[in-house]
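Contents: one structure, followed by commentary.
The chains carry the letters A, B, C, D, E and F, assigned in the order they are written, with residues numbered from 1 in each.
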Amino acid sequence: MKRQRYLPTPVLSLVLLVVWLLLVRSLAVGQLLLGTLLAVAIPLLTRGFWEPLPHIRRPLKLARFVLVVLWDIIVANLQVSRLILSFKRQAQPGFIEYPLEVKERLAITLLANTITMTPGTVSTSIRPDGESLLIHALDMHDEQALIHAIRERYERPLKEIFEC
Amino acid sequence: MATLVAPLLALALLLIQAPAVLAGDVVTLQLAWMPLLGLDLALRLDGLALLFALLILGIGTLILYYSGDYLSADEDDGRFLAYMMLFMASMLGIVVADNLLLLWLFWELTSIASFLLIGFWGSHSDARRGARMALTVTSAGGLALLAGFLLLGQAAGSFALGEVLAAGDAIRASDHYPLIVALVLVGAFTKSAQFPFHFWLPHAMAAPTPVSAYLHSATMVKAGVFLMARLNPALGDTALWSLCLTLTGLTTLLYGAWFALLERDLKGLLAFSTVSHLGLITLLLGLGSPLALAAATFHILNHATFKAALFLGAGIIDHETGTRDLDRLGALWSMMPLTGTLTLLAGAAMAGLPPFNGFLSKEMLLGESLETDVLGTLSVIIPLLVLLGATLSVAYSLRLMWRLFFAAPRRSREQKALPPMAVHDPAPGLLAPGLSLAALSLLVGLFPMALAAPLVQAASWAVQGEATLELHLTLWHGLNWPLAMSLLAIAGGVVALRQHRRLAQIAALFSPRDASRSFEAAVLRVIKASLWLTQRLETGSLQRYQALLILCALAMAGIGLVKLDTLTGAAGMQSLDAMLVLGAALTVFAAISSALSHRWRLVSILMLSVVGLMVSLAFVRFSAPDLALTQLSVEVVTMILMILALFFLPQRPPLLVSGRRILRDLVLATALGLVTAMLNYALLTRERPAIADYFLRESVPGGGGANVVNVILVDFRGFDTFGEITVLTLAGLATFGLLHGLKLFMPAGNVEGIRWSPQRYPLILAVISQLLLPLALLVSVNIFLRGHNQPGGGFVAGLITATALILQYMARGHAWTRTRLPISYPIVAVSGLAVALATGLGSWLFGYPFLTSAFGHFHLPLIGDIELATAMLFDLGVFLAVVGATLMILVNLGRVTTIHRPSLEEP
Amino acid sequence: MSQHLIALPIVLPMLAALVLVLLAGRIPDRHQRLLSVAFTALLVLVNLALLSRASGGEVAFYALGNWQAPFGIVLMLDRLSALMLTLTSVLAVGCVLFACAGDDTRGSYFHALFQLQLMGLDGAFLTGDIFNLFVFFEILLLASYALLMHGGGKARIGAGLHYVVLNMTGSALFLVALGVLYGATGTLNMADMARRVASLSSDQTALVTAGGLLLIVVFSLKAALLPLYFWLPHAYAAAPAPVAALFAIMTKVGLYAILRMQTLVFAGSPAAPAIDTWLWWSGLATLALAAVGVLAARDLRTLIAYLVLISVGTLLAGTALQSPAANAALLYYLPHTTLICGALFLIAELIGRQRGKAGTHLVRGRRLYQRFLLGGLFLVAAIAVAGLPPMAGALGKLMLLQAVEGSARLWFWPLLLLAGLCTLVALSRAGSVFFWASYRGEVATGRVSRTQLSGVLWLLASAPLLVLFGGPMSAFTLATAQQLAQPQAVIAELLGDAAAAQASQFHEIPGEAP
Amino acid sequence: MTFFVIIEGVLAFLLVAGGIFAFNGSLGMLRLEDFYMRLHGPTKGTTLGIGCVLLASMLYFTVTQREFHVQELLITLFLFLTAPVTGHMLAKTGLHMHVRFSPRSRGSLPEFHDEDVGQGRVARPARARHPWRTRKARRSRLRQGETS
Amino acid sequence: MLDTALWICLTLIVLAMALNVYRLAAGPDVPDRLLALDTLYVNSIALIVLLGLRLNTKIYFEAALLIAMLGFVGTMAICRYLLRGDIIE
Amino acid sequence: MEALFSLVVGVLTASGVYLLLRARTFPVIIGLSLLSYAVNLFLFSSGGLRTNAAPVIGASLAPTDPLPHALVLTAIVIGFAMTAFVVILAVRARSELGSDHVDGQHGEEEGPR
């Protein structure tokens, strides 16, 4: 209860502390203290804006997920570059409706963002009911394969990370 | 009757001084007032002043006594008497002033007082017209007089009357002499109703009769005459002066007399006769011989007495019968014998019949007219014309008496004669003043040496400027030419009266009020022309005003540029690189696009924002990190602001402009652009002397910060920043007023005509803004704290915080955010100002000027050195003010727009 | 404490504004008003103290932040600034009293905005730094925008839009001028700039001329000179009465700035003759056209706005004469015309309210409820503004006329005298329509409240008082003008002998001013 | 020495790659045929390009100034937070505004809902002339009614 | 080598910005222009960082950070404007 | 470089002025913004155009004149405040005058002027 009151979002506080140290480029005691102070104070100040978010249950999975996404971003770029630079091949664009399994706001957001950042896809719209995601693909040959790939590569890990 | 105390007291004072003055002394009083101006509170009592002062106070007392009974009970007695007293005082001021400027002040004061008196019955349109006309004419004259006085004073070397009068030779020799004479005479003639400025006087008869009696017999109109007499020693004795006065006087004499003869309105007749008599006096002043001057002063006295009496009599008749129309009146003798006596006595004086005072002065005029040679060989016509005037004067005086008291009233078709029964002599209060004045006319005529000669003699000394003349006034001069002419005039007058109807037919050929009509028409034309001109100038078109402003700037900057020897200065140019060229090209392209696409508003905004970005990059490129930060953060907020507003402005307005207009604007714009560029280039290629080194050197030791820009902002020139956050807060407060009670036009769809999306708060945006808020706040704190030594500071930090909060409003809506942030933004902004102000005032406690900063390094265990500066406190004030003001502006606008959103669109 | 007095005219209204905003909604209107009036009255006292200090003839400087000129910003108190400060606060008392009768609650934050307006005005009059002048101009402009549109309404917003946009363009030009001047002289302090301008090469003087002339364009916009005054009649006629009354000082800020530039910064420089030529012809033309406008006006407020323009034209043409006598005359005339135009706006409002629908239009209307009271007030104000005795206008006009020498008279005298005549004709027409030509019958109510009356009387009292104390007052303005004619004294007093020492550290400064 | 050569090589590689990626993203925006396809360029290419440049910057300053310079990570963090949101919202806006797409597009066209593509038109004012290009023939729109 | 690489990278980024501006001007639709503007902002981050590299200073770093953090807010505002009209509701 | 810089300032000024002369409030606002960019650059350049000379002690060897930076910063902030005010005024004017013409409906009626 007490922790809840003074440190409502420990992960956020940690992130803030790290960001602070990055900003000041120093590990001096003074900066550490100031950073800690801010890391505690800012979440407290903005508590009202902080709608309850799911806790990260599997930090390791998260790390792995991040790495996968980073890799995919590089791959995505190479693919897109090829497509843009090549004069011969014509892309085969298309829209798909992706039924969502995750229901949590942050998870949906992360998934949508991931989809946008990674191979050949951009999330274009989330249905207001949160049931599905409309995705535009730059070069789509098989709808089902794409849905499957997204499901396996991104949605499942996210679901596991947040256990929802 | 308490009002009589003041004039009587003054009269008493005057009489105490009288013996000395009559003996030829000049009594003066001097008080310094505005030495810079040459204006002193200086008074002078000589013979002329005494004569006039006696008239003003004596007749004034009688008339005040009269008006106590004259005004009906429901009228505002007090106000009337106040105006009268004001008038009396200012008139007295004119005659006793010993300083030209002081005289002018009183002169103008009489115009104002007379305006109020003439317009006393302002609900009648003729009273209003008459008052305005009198004011306009006499004030115009007054202004000319002022100019004349200023030149006169300069020519004489002083405004003190004594010195001016003594400097006659210098004045007459000065280059400005003709101009001075012209200006002074315009002043005098307008006041004295001399031709061609006479036309206001008959209209002024709309005033209550006591006013007419006072103003138009003894005082106001005499002011002009007084002035001519007063300045005679300084300005007179030249051909120009004599000619002007003689001709004007003659013309006025005849003109007034002629129209007096034809006038139907009782007071109108008296008014024209006044005009005529004033002409007579002017003529006498123009003749200029010692005796003529004495005659002038004598006639001033005589005219004042009999004319005041006549006006008072006319007032009684008007009061009793309710009309002043000579055609409706008649046969009043039997009903009003005392009034009749009054009028007959005074009328006889006016006609110049013996043994009344009018006869004496007229004889003198006739005599002097025979002597004069002002017109050279043409001087012969003067006595003839004077004789004609005297004849007419007899005629209209007889007509007045005859028609009122002895002839039967005439009935014209639309008018009825008055029922004679109701009319009788009034109460003694009304009769006594008039009767005593009429009696005085007779007595002066009978005993001129005893009653008038000393006074007239003293006055004429003042007019001549030397006390040489010994005056002998007698009723009987023996048989001589003047007497013959008088008899001729009387006979002629009787004939003219008999032939009145025929004369009237001739007169009908020219309307007597031509001058006044054309004056009014002229005023009207002037006003219409003014309106036309004003409307042409002030079209109410902002575009025009802007074009004028730009044109001015263009011309002015151009003048400076023209004076430049070479455009390129000695410092020369730095080299270019490709990036700069491309950046410049993009900026230029974006700016021009933004201008050209102004009707495609969203695109215009986007292009504008490109320009903003490029400007920020330019700041980076040219070593101004603080400016880049500021520009970038302002950019974001401005964009939000513009988009907020765009929603309520027409998306695509119709085209309403001609090609010529566009061409004109393009030319103007290009020209100013060119001039600005040239100025900028000229500056950039020249050496710059600057005080920069001081800031760079003092920043760390004196201001305690390494970021010199920030130290300048919060310390060296903290006062600018203080003003700047005041402006910002002020903008916030000001927009409150604009948004108060705002009614808006809500478009039903966006630019493309598509209906609004039903989804209010997109999920992803909401989540991301939530994540971003703490990070942004952290960055904001960082930027704030480092500001003193690194790029950053309270302003940028404040904008970051504000933007992060605005993002919450955008993502989650007003209501949601408001409940989580229940702060009053005006209070935040004002607290910021308060913090800054308190920091500034704090230095007073230590005896330093406002906003003096202090800083120190403190060593704390574990943490090490930290620097604390009051400048940071000041910067905190800046931060708060920025956050408060920005949110106040944006959120208020956002909130207002939401309130007016139609509810039918809610999902 | 007494050395800080100079900063008080800026600090005090600021403090007042802060207190008023913080207390807005927390204390009743009555207390708000009391506070606002009290602060304004206090400001009058402060300014009077400053006036008495300045009348000694010494120029006092106040180095803000304890940074000496030319590096920091200094406030500069001489006779001129003390006069302007006192005038402003005296005018403000009348306006704020009048506003307390109800005009203040028609929008938000009236009193706070009013105080900030005063702060801006005071700052503009006090500052000795040209960029700081810009900042205070912006403060007073923004406050004036808000006050002008206080209460809203079609006419106000329409006129306000023009006023705002024109002034924003003006501010942009101001900054360009500042850029040129800083670039050419390398300083912002007025005295320092004057010193440097005097020793510039002809090449750089051309740039200074360009900058100076641009600056004068900006100030002419504020002062409302001929091609730049067309916004004024609408704006002043539309403004709420107490605001319009306060605006009587706004044009004088432009005049003040011009006077300051001409007598200090550009004194003797090649820019000065060009500026004088502009001021002379433009001022005379303004005078002439404003007189025409006075005749053309069909509404009393518009008429008064043109009267303001007449005084602008008169004053600026007088400024162009550049003689101590002329400056003394116009400084005597200035307080008078400012206060009386202010009073006239207030009186017009009172008249308009009692005439119902006819308002201040020059048409016959209902009989006024307090005909004689308002008529009397109007009469006094009209006499004063027309330059007739026994009010100060007459003396001011006399001084001005006397100050003009030689061939300049040929233009100035007839124009000034005719403008006076036009004023008289127009005001007598207005007065006779309002007070004499009314319909009999139902009388409107709208009694003049005691605070309104006290506000009007406070302003009107100046007219006889300036006559009564014409001697000392004219002596003061002459002393002011003589002080203005001695810019070297100001420079020496501020930069002193130390200036020479400092200057040697700055190799950029080509030489010392003589 | 070799250490610095290698570092220099890495730096050069990162810079060139970053430049190419970023340029490529913008080139894609130029070349691809409809809005939705163009969206892919910047969201990916540019973001990665910037990432490379930032990496180069971190490396460069860390090596030259001999202390950790990892602040650039913050920019990356913010970019990775905001770029996809931008992309998403732009796509959503595009759909809402009936921005046309390539006729070769495949997929769940019938799945478009009203909330995606905006509800019909309202009466609209006369359209302003495009400022610098004469408008092409009316573009085909996404409305189902129009396509079928 | 580093200088050359820096030069290449800078050139590419500036060219990319030029392309963005072209797309911004050419449209054809508002979202296209918006996308172009956003990309321009992102590219300018790279430009600032590269300038810092070239001048060997980190003094302009915060400018880049600011663009990364706040640049998208404007884009969001316009998106909201096109979607809902009212951006703060 | 100086010529190029001046050219940019000139073009910004010209574009701004052209928009200032338009009849609708919105372009006038854009014009004011453009003009203030131009003016800020102008004022900024009065301290000279230097590369890598940020006026931060220790960051550069020969820092540039910092004063114009501070002035421009103040000008930017004041410009922002003024823009905010005039933007809201434009909205108010549209609501009050029934048109976004700078002269209200009065200007609308008169057509091209």
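Just so we're on the same page, contacts are C-beta pairs under 8 Å (C-beta built on N, C-alpha and C of every residue); 3 or more make two chains touch, one makes a residue touch a chain.
Owing to the predicted nature of the structure, the values given are computational and were not obtained by experimental measurement.
> Treat touching chains as neighbours and tell me the shortest step distance from chain A to chain D.
1
> Can you give the shortest number of steps from chain B to chain C, where adjacent chains in the path must touch?
1
> Comparing the two chain pairs, does E-F have more C-beta contacts than B-F, or is it the other way round?
B-F
> Could you tell me which chain lies farthest from chain E when each chain's centre is the average position of its Cα atoms?
Looking at centroid distances, B is the chain farthest away.
> Quick check for the class: compute each chain's Cα centroid; which one is farthest from the centroid of chain A?
B
> Distance-wise, how many Å sit between the C-alpha centres of chain A and chain C, to the nearest whole number?
Chain centroid spacing, chain A to chain C, equals 62 Å.
> Quick check: how many Å separate the C-alpha centres of chain A and chain F?
40
> With chain centres defined as C-alpha means, what is the inter-centre distance between chain D and chain F in Å?
Comparing mean C-alpha positions, chain F is 30 Å from chain D.
> I need the residues of chain D touching at least two other chains; which ones are they?
Residues 20, 25, 27, 39, 41, 47, 69, 71, 74, 77-78, 81-85, 88-89, 92, 94, 96-97, 115, 132 of chain D each touch two or more of the other chains.
> Residues of chain A that contact two or more other chains, please.
Answer for chain A, listing residues that touch two or more other chains: 19, 23, 112-113, 128.
> Two or more other chains touching the same residue: where does that happen in chain B?
539-540, 542, 544, 546, 550, 593, 599, 603, 605, 621, 625, 644, 646, 650, 653, 676, 679-680, 683, 688, 690-692, 695, 716-717, 720, 723-724, 727, 730-731, 734, 738, 750, 752, 757-759, 762, 764-765, 768, 772, 775, 779, 790-791, 893, in rising order.
> For this entry, which pairs of chains touch?
All touching pairs, sorted by chain label, are A-B, A-D, B-C, B-D, B-E, B-F, C-F, D-E, E-F.
> Name, in rising order, each residue of chain E that touches chain B in their complex.
By the definition above, chain E touches chain B via 10-11, 14-15, 17-18, 21, 24-25, 27, 30, 33-34, 37, 40-41, 44, 47-48, 51, 59-60, 62-63, 65-67, 69-71, 73-74, 76-78, 80-89.
> Could you please specify the touching residues of chain E with respect to chain F in the complex?
By the definition above, chain E touches chain F via 55, 57, 59.
> Which residues of chain B touch chain E once you look at their complex with the stated criterion?
The contact residues of chain B facing chain E are 578-579, 582-583, 585-586, 589-590, 593, 602-603, 605-607, 609-610, 613, 616-617, 620-621, 625, 628-629, 632-633, 635-636, 639-640, 643-644, 646-647, 746-747, 750-752, 756-757, 759-760, 762, 765, 772, 775-776, 779, 783, 790-792, 796, 800, 803, 806-807, 809-811, 813-814, 890-891, 893-895, 897-898, 901.
> Name, in rising order, each residue of chain A that touches chain B in their complex.
12, 15-16, 19-20, 23-24, 28-30, 33, 38, 42-43, 45-46, 48-51, 105-106, 108-109, 112-113, 126, 128, 130
> Which residues of chain B touch chain A in their complex?
758-759, 762-764, 766-768, 770, 773-775, 777-779, 781-782, 786, 808, 817, 819-821, 860, 862-864, 866
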